[in-house]
Structures are given as C-alpha cells and as structure tokens.
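Quick one: this structure, given as structure tokens, is what I'll be asking you about.
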Amino acid sequence: MKYLDYSLTEIIDLLNSGQVTSQELVRECFDRIKETQDLNALNSTYFDEAMKRAGEIDAARARGENVGALGGVPVVLKDNINYLGTRTTCASKFLENFVSPYTATCASKLHDAGAVIIAKANMDEFAMGSSNENSAFGAVRNPVDTSRVPGGSSGGSACTVAARQCFASLGTDTGGSIREPASFCGVVGIKPTYGRVSRYGVVAFASSLDQVGPLTRTVKDNALMLNVIAGADDMDMTASKVAVPDYLADIDKGVKGLKIGVAKQFFSDKLSGDVRTALEQAIEWYKEAGAEIVTVDLPSLDTALAVYYVISSAEAASNLARFDGVKYGVRAENYADVVDLYFKSRTQGFGKEVKRRIMLGNYVLSSGYYDAFYRKAKRVQKVIRNEFSEALKMCDCLISPTTATTAFKLGEKSGDHVAMYLTDIFTVPVNIASVPAISLPCGKDGQGLPIGMQLIGKHFDEATLYRVANAFETAHKEDK
Amino acid sequence: MSWNTVIGLEVHSELNTRTKCFCGCKNEFGNKPNTNCCPVCTAMPGALPVLNRDAVERAILMGLAVGCRINNYSVFERKNYFYPDLCKAYQISQLEYPLCVGGGLEIELEDGTKKFIRLNRIHLEEDAGKLIHSARGTMIDYNRGGVPLIEIVSEPDMSSAEEAVAYLEKLRSTLLYVGVSDCKMQEGSIRFDVNISVNRDGEPLGTRTELKNLNSFRAVLRAIKYESNRQIEELEAGHPIIQETRRWDDEKGKTYSMRTKEDSQDYRYFPDPDLIPLEVTNEYIESIRAKLPKLAPQRVTEYIAMGLTEQDALLITQERAYADFFENVLSYFNEPKFVCNWITAEVFKKLNALEVDDRKITVQPKDLAEMLRLYKDGEINQAGARKIFDVLWDGGTEPSKLVESLGLKQMNDTGALTEVLQKIVADNPKAVAELKAGNEKTMAFFVGQAMRATQGKANPKLVGEIVKELIK
Amino acid sequence: MSITIEDVKKLAKLSRLEFTEAETAEFVAELEATLAQVDAINKVDVSNVDLLEKTINADTELRADEIKQSLTAAEIVANAPDAQDGAFLVPVTVAEE
C-alpha cells in the first residue's frame, strides 16, 4: 500500500518524475480491490487490459512522449457509461450481458488524457436510488462503516474512491446521485452545470437532468478530472459550447471578498443536529476566512422534489422503453408473441424501483394527466430556476448541507420509498435549476461518519465552486 | 338528400438528405439489413440524436414552396409506443409546435375549375425501420430507421377520390420541383394516409375512419371510393360509423378494420429532452427561400411568353423533370414550340407507358435537340425522326450518325420523287378523282404510298406538292 | 388523487409490465402516496410562466449533412437475443401499430 493514499494530483507528479509506474499503480489498485471486495463496489474489472494499457503509457512516458493530463492513472467508470468492448450493465439484470458497441464521450476523453480505466462501479439500477441498495448485483457497502449504505446512485463510484481502489471515478447525478454518495463516503463529488459534460454514451435516466461528474478524494483532483471531461460534443446537442476554463487556475485564490449565500430553506428542522452544527461551523470558518455571508431566499425550494419526481419519472419511462428484449439485453424464455415478449422481458429484467418510476412516469404523461402533472411541473421548474438565478445574483455561491443526515444503515429505509426519496431534498433542487454543485467533507458526526456540505454555483461557474471548496479543504486537511 | 364525402390526407415523404435525421448514417435505400446503422439509429443505451441541418432546410424549403408560415420556434417531441420497427420505442416527431403551418395547393379539377386545398401543417420527423418476414420470424432492419420524413397534413378540403388524387399528384410534383424528396412510391419514400367521412347535405360532419397501406395513386382512388360507399351503405342501413383505422387490401379491393379508437394508443407525447427546441430566425428562413428553385407557376408564365399555349405550358410543367428537360433541349435548339410539341407528344407517349415511379426521360437533351434540328431542317421526315427517337430512348446517341446508319436521310430529290409518284398516280385513278373532287384527306393516301415506295424516306411536304402538280 | 386498480392495470399495460394482483394493489397505495407528495407542485403560482425558451439558431448549431462511418451489421446485432443475416429477429408480428 505504498501509493494508494496519494491524491490524484500527487500521483501524477510521482508518475511524471518516474518514482512509480502506471503498471505498479494498477497492480496496487487490484490488490486493494481484492482486499476490499466485500464492499461490492465494482461490477466488472479489467486487469489484463489495464495492465497492457498501463504498460503502453509507461513506455510512452519513458520515451518522453506526452501521455496526457491523466497519463497512467487508474480510474473507474460508473456502470452506466459505455466503454467499447466492456459490459455496461447499469446494475440491471436486463443488461447483465450487454457489451458496449461504442464509447461514451466522457470515457473517451478520459482515455485520450491517458487515464487507465480499470473497472466499472456498481450503482443503483439505472441510477434510480439513493442508497445503492437497488443494484441487481447486490448492495454496495460504505467503506467508513460497512453496515451502512454508501449512498446512491453512484454508490460504487464513491465507495471505490473512498476505499482507495482507484484515484478517481466518474458518476452520474440526476437528483443527487454523485453528491449524496460523496457526502456519505467522505469524498468530493461535483454535479456540473447541465450541459457542461457530454451525456453521449451515458445510459439515460432523466435526460434533462442527468450530468456526469467526477468523484475524487480532493477538490483539486476533482478540478483536474473536470478539466478533462468537460466541453462541447458533436454527439450531444445538450452539451454546451460555453468555453471550459482551467479549473485549477484560480483554485488557490481563497475566499476573501467572495459572497456566500445562505438560504433558510436549506436549514429546515429535518436537519440532524450534527449536520447542522458542522454546517454552521463551516459558515463561521468562511466568515473568518474573509467571505461575506449573505442571506438569500428560495421560497419554492420544497417543491423541487415533487417537480423532480414528475419530470425524472416521465423521462425515465420513455428512456427505458427501448429495453424491450428485441435488440439487446435479456429476452424472456417463454412468450406467446412479440407483445408478450415485451411484457415478459421487461417484467423479468427490471427491478422494483425501476418499475415504480416507469409506472409513475407513464401516469404523469398519460392522456388527461399531462397538463396537470408534466406541464405543471415544467412550469414550477422554471419558477425554481428563476429563484436560484435571483439568489445567485446576490452572491458567488450558495452553501447548504448535501444531505440531512449521515449514512444510514443498510435496509433502514428500503421499505419506505417516500422516506428514501426525502434523502435527496437538498440535492434535487440543484438539478431542477441546472446549476452546478459540489459536495465536500466538512467534518464527522458523533459516530465518526462523514458529513458533506454542498456549494451551489452559477451556471457554468464550477471554477468558483472549486475555489471556495479548496479553501475550506486546505484549511481542514489536518482534521481528516 | 345526397351524400358528401369529406377527405383529408396525411402524406409522409422521405427527405433526400445524404444522412439520417439524427445521426450520420447513410440515407440510402436497398442496402443489406442494418448496414447503415449506428448506436443512435438502433437505440443503443446512451446514444443521443443530433439534428441534421439539411433535413430542417428541406422541410422549410417545402413549407415555403406551398406557402406555409415557418415557425421561428418549433419543438421535437417523443411519440411513445412499442413496435419492433421503432427501436427507441418512441418516434421523434413534432406535435404542439410544428416547423411549418398553414399554406396550401391549388388543384385543377376534371372540368377545368380550380380548387384550393389548405394545409394544416408540415412537420419533421423520423422514419421507422422495416420488418421482413422470414420462416423463423420477423427480421428487423433499421436502415430506414431515422431517415428524415416530412408529414404534410391537409385540411379535410377534398370531396372526391379524384380530388384527392389530383391533390396528391400536385403535391408529388411540388416535392419533386422543390427537390427535397425522390417520391418513389415503390420504395415507400412517399406514403399516404386518408381520413374520410361522409355526411348528408346540411348535416354535421360524420365520424371519420383512417385508411392505411395505400401504396399508389390508384390504391388511393379505389380505397376512397370503396370506403365512402361502405360508409354510406352502413349509414343507410342504420349502422353508425366507428372511428377506427382501416387497412386497404389492394388485391381484394376492400378496407378492413385494424383497431378502434377505444384501443387506440396513448402516445404520451412530450418534448424530447435530448433535442433543444429548434429556433430559426427570419434571416435564416429568407436564406433558405433564396434557394427555392423556380416552381411550376413561374415557369408556365415564362413558357407562355416564349410562345407556348397555356395548355402546353401546363402540360410540360407538370413535373420538374419534364420542364428541366424542355429547358435543357432549348439550350441546344431554341425552338420552344417545336420542342414542346415533340415532348408532349412523343416523350409523354413513352413516359405514360411506364409506372409513375419509373417515368424517367432516358434521352440526352443534346441528342434530342440535334434530332429535332435534323427534322426541322428536312434532313429527316417525321417517320425517320420517330425511328431515331426510339433508338435514342433506348440508349443510342448521335442522331446524325443514326441518320446514316439507319438510312433515314429524307428523299428531297424532286426528280426521283416525281418518277415514283407518276407511277402511283397512274395506278390509282380512283384516288386521283377523289383528290380532284376536293377531298384533301386523300393526300394522306398518296403520302403513304410514296413512303412505302421509298422505305419511308420521302419528304411528305414535297410529295404533296408533286402530286398536286401531277393531277393538275 | 385517488388511484384505482384499473388505473394501475392500464398503466402497467402502457408500461409493458406485468404485476400480480398483490403487486397491483401495492401500486395503488404507492402511487397514491407519491402523488400526494407530487401535489406540492400545485402550491406554486405558475400563471406567468411561459414555457417557450429562446435557445439556439438552427444555422449555427445543427449537424452538417455529412456521412459518418456506420457500424457493421454484425456489430449492430452483437448483443441481440436473436438475429438472422444481420437483422434482429422476433416472433412474427401481426397488426401494425
């Protein structure tokens, strides 16, 4: 375990200075994966391919060639990101044997930057869930306390980074699926502005809300990863052409003179004592560090969850209709005709939560209900979006808890989907408003479980989030 | 009280872009299954659509040609339903905010009167794949899946099968003029759905049925006639008409119920979040308008100015291919009336013998121009011209050489012709008497005899003159 | 919002999903609970919200009509549960949708 405790930025320096090779790192990662396999963080691993690629990068580096910003670093993709020739299961029985015929843009950007993709991370089936208990391949465990959930849906992506199985991972976030597990596992995760990272090749849950983002152990690592994956894409019309800055450029500039907004709606009575205390301390720290704390108002915040359930389920119902047993995935064994084939394949292939969302989605889209639900929700979304824009005019970013509580026990909420949905109350509004938000550790609760704080930024202003987050992280390094 | 038939048409026309509507795969007919396919057009998980600019331009071009208003803001929506030819289980289409609205086409009825058929809208959408039936089951080929289509929806402005067909002919002609679609019925690149209802004079509109599987103008004609009769018979027998979709069986000449409204689909349309709303500025629309080719009405005016009759001008502009051909021939041989006469008589005779899809002019404009010049200059006669035209139609070229090789040079030698005709006049006293009595038609007999005697080479005009001289 | 067994059956059909009687009954309760939550959207005044948004200019943002390499038919059907001659295969379909 010589190198796995280094951060991504540190390990790149060691690689570049020849103190370690990519192959050594890959080997160490796989040793660690084996040791910690009870976490169930990964759905598939590629040791041989990773060693081969690491060897190629080591050789290229030895020849003095440019091996890219991530040259030789082992990384993990969430199992809903296509990577040519690998299985992409979305943790669904339906796609158990699906082998990607193409590569997602974010994965090819990582590859082109020299990253070595070593595995695909477990997740909630089709990214639907907040605990990673909805995986067809078993729940993922929280590496901090294995009796607890790692959060979801990118639970495997957060777990694999927290457990030091790799140096960084990619997750996807539709209503908090990067930030909530980052918070529960004590790592850094960003949900970039909608459109900042291409969605091409990422299996869609809710197309208008989904974003890809990195999970890392430090803020700088995260900025480096976003530097690589962000940007426009000919294959995704929703990927923005807004120029991508260097997210590391201003990261050390501190918070002096910045305004940080606090909305009372984020500090409701649902917040646990330890989380509230940690957040108040963080706000106090920022004040001391020279930031100005301003009060803002987000009056419709508590309706965001309702909006989210209508829009995300509607889009999911349509997005998941292609899983019909005809072109790929499982096909039921006994069926009377093609219609029966659809019914049986989908019924057997999808898990409970996925079916629940499909049913809700079709309800809100169906004839007679569309205006009352879908169209109404789209309108409320616009109201929420405007409120965020107004609030963010008064400050550089907003601060909030990432989740109301720390990681809960496996099975604790699995019987109560409404309680589970409430886990996302602070993260969901961010997706509804399409703004970026980062979650980073801000202390521990009485049981030693990580607490996460969320910084919410203006559209395409991830740079400020990294700067504000990095200031806090740098000052609190010793606390870890 | 008599019955009225009310007909509206939905026409689907594939656009002739190079690539599909939402991905870079070839838009091409007739390839092996799934060879023009990629993750996007086979709905691989994670693939996303990216809209083809030329598909948008072609749709707008057609909209402008038929007087639509082009919406500055239009939205692509998902039409959700499960069927094996629809790989995403939704079709990307437009519903609430279509690209083009309004507009219309003027058709000419049998009696020469004109009627304006209003359009409701033209919207852009994607085609579905194709199902091929085999011994083991249904094979699915997504080559056609994702090919751009425009759906042209008329108002229910037609009141007979003949009007519906006249509208379709005009629409097809316009699509070809604008050059946005190949309109090949046999390849399915243009398809028709008919909405039809009947009602008695002064009564409100009846319940409509929708007819599908109409693959030719003839099928449309027959299906509408059948269906309106069926509806009238049902109503006269006291049975209500059920709102339903009915399939036309061309062999049996009947329509059959496919599904009723009760079990009709709930398509759950909603805006496709993968495709941002399409915004087109007025400047952009105008830049497309500038690309609009000259359409039939403008050409009719020009041709009349050249000296063609209105009837000829209308005839020759009924398809862009004919008008273009006419203009091409004129660029080599500028005798509008003479060229037009040949095209409307001889070229159209050839074309009309073919199926609509196969009507292609196979003569090079330059060759026809040369042949017509030879004819006009008297180097060949009409019979010779026709013989050469036959050869040119079947792929021959260089009419002057054909004159030689086929021995068609016209006999303009007065002396030789007089010799031939003296014998004919001597052998046919009865005909001579008739001609003398003033029956001009008898001249045709002498021309025919002269042609036979000269293997068709005699100059008929000269023959006439000589005969008149001989019988004086 | 009250949901009936019939509603759930209709939705299941639209969704191409099959449920046992017990699951169907469970869904009635679940959907009602979720819709009660979703009712929050009715608290917000949206009377002044226009859903049309300015976005992009077709001229600058759309894809040029240029051919890109397709996959091979073998690659397209590589994940297919059943295929024949490069085509996906399903049991015989009857009525057209």
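The first chain written gets the first letter, and so on, giving A, B and C; residue counts start at 1 in each chain.
The definition used in the following text is that a contact is a pair of C-beta atoms (placed from the backbone, for glycine too) under 8 Å apart; a residue touches a chain by one contact, two chains touch by 3 or more.
Fair warning: this is a prediction, and the values are worked out from it, not measured in the lab.
Enquirer: Measuring from CA centroids, which chain ends up nearest the centre of the complete protein set?
Expert: Taking the mean of C-alpha atoms per chain, the most central one is C.
Enquirer: Going by C-alpha centroids, which chain is farthest from chain B? Tell me that one.
Expert: A
Enquirer: Using the stated contact rule, I'd like to know whether A-B or B-C comes out ahead in C-beta pair count.
Expert: B-C
Enquirer: So the centre of each chain is just the mean of its C-alpha atoms; given that, what is the distance between chain A and chain C in Å?
Expert: 23
Enquirer: Roughly how far is chain A from chain B, going centre to centre by Cα mean, in whole Å?
Expert: 55
Enquirer: Per the centroid of Cα atoms for each chain, what is the distance between chain B and chain C, given in Å?
Expert: That pair's centroid distance is 38 Å.
Enquirer: Of all residues in chain B, which are in touch with two or more distinct other chains?
Expert: 38-39, 42, 50-51, 82, 84, 138, 140, 266, 268, 276
Enquirer: Could you list which residues of chain C touch at least two other chains?
Expert: 14, 16, 61, 63, 71, 76-77, 82, 88, 90-93, in rising order.
Enquirer: Taking each residue of chain A in turn, which ones touch at least two of the other chains?
Expert: Answer for chain A, listing residues that touch two or more other chains: 98, 101-102, 234, 237, 317, 321, 324, 326-328, 338, 342, 362, 366.
Enquirer: Over in the complex, which chain B residues touch chain C? Could you list them?
Expert: That would be residues 17-19, 23-26, 32-39, 42, 50-56, 73, 81-84, 86, 131-134, 136-142, 212, 247, 258-259, 265-266, 268, 276-281, 284, 287 of chain B.
Enquirer: Of all residues in chain B, which touch chain A in the complex?
Expert: 38-39, 42-51, 78, 80, 82, 84, 87-90, 138, 140, 266, 268-270, 272-276
Enquirer: For chain A, which residues count as touching chain B in their complex?
Expert: For this pair, the touching residues of chain A are 80-82, 88, 90, 95, 98, 101-102, 104, 199-204, 206-208, 234-238, 314-315, 317-318, 321-324, 326-328, 338-339, 342, 362, 365-367, 370, 374.
Enquirer: For chain C, which residues are in contact with chain A within the complex?
Expert: Contact set of chain C toward chain A: 7-8, 10-12, 14-19, 27, 30-31, 33-35, 37-46, 49, 51, 61, 63, 71, 75-82, 88, 90-94.
Enquirer: Quick one: which bits of chain C touch chain B in the complex? Just the residue numbers, please.
Expert: Touching chain B: residues 14, 16, 52-59, 61-73, 76-77, 82, 84-93, 95-97 of chain C.
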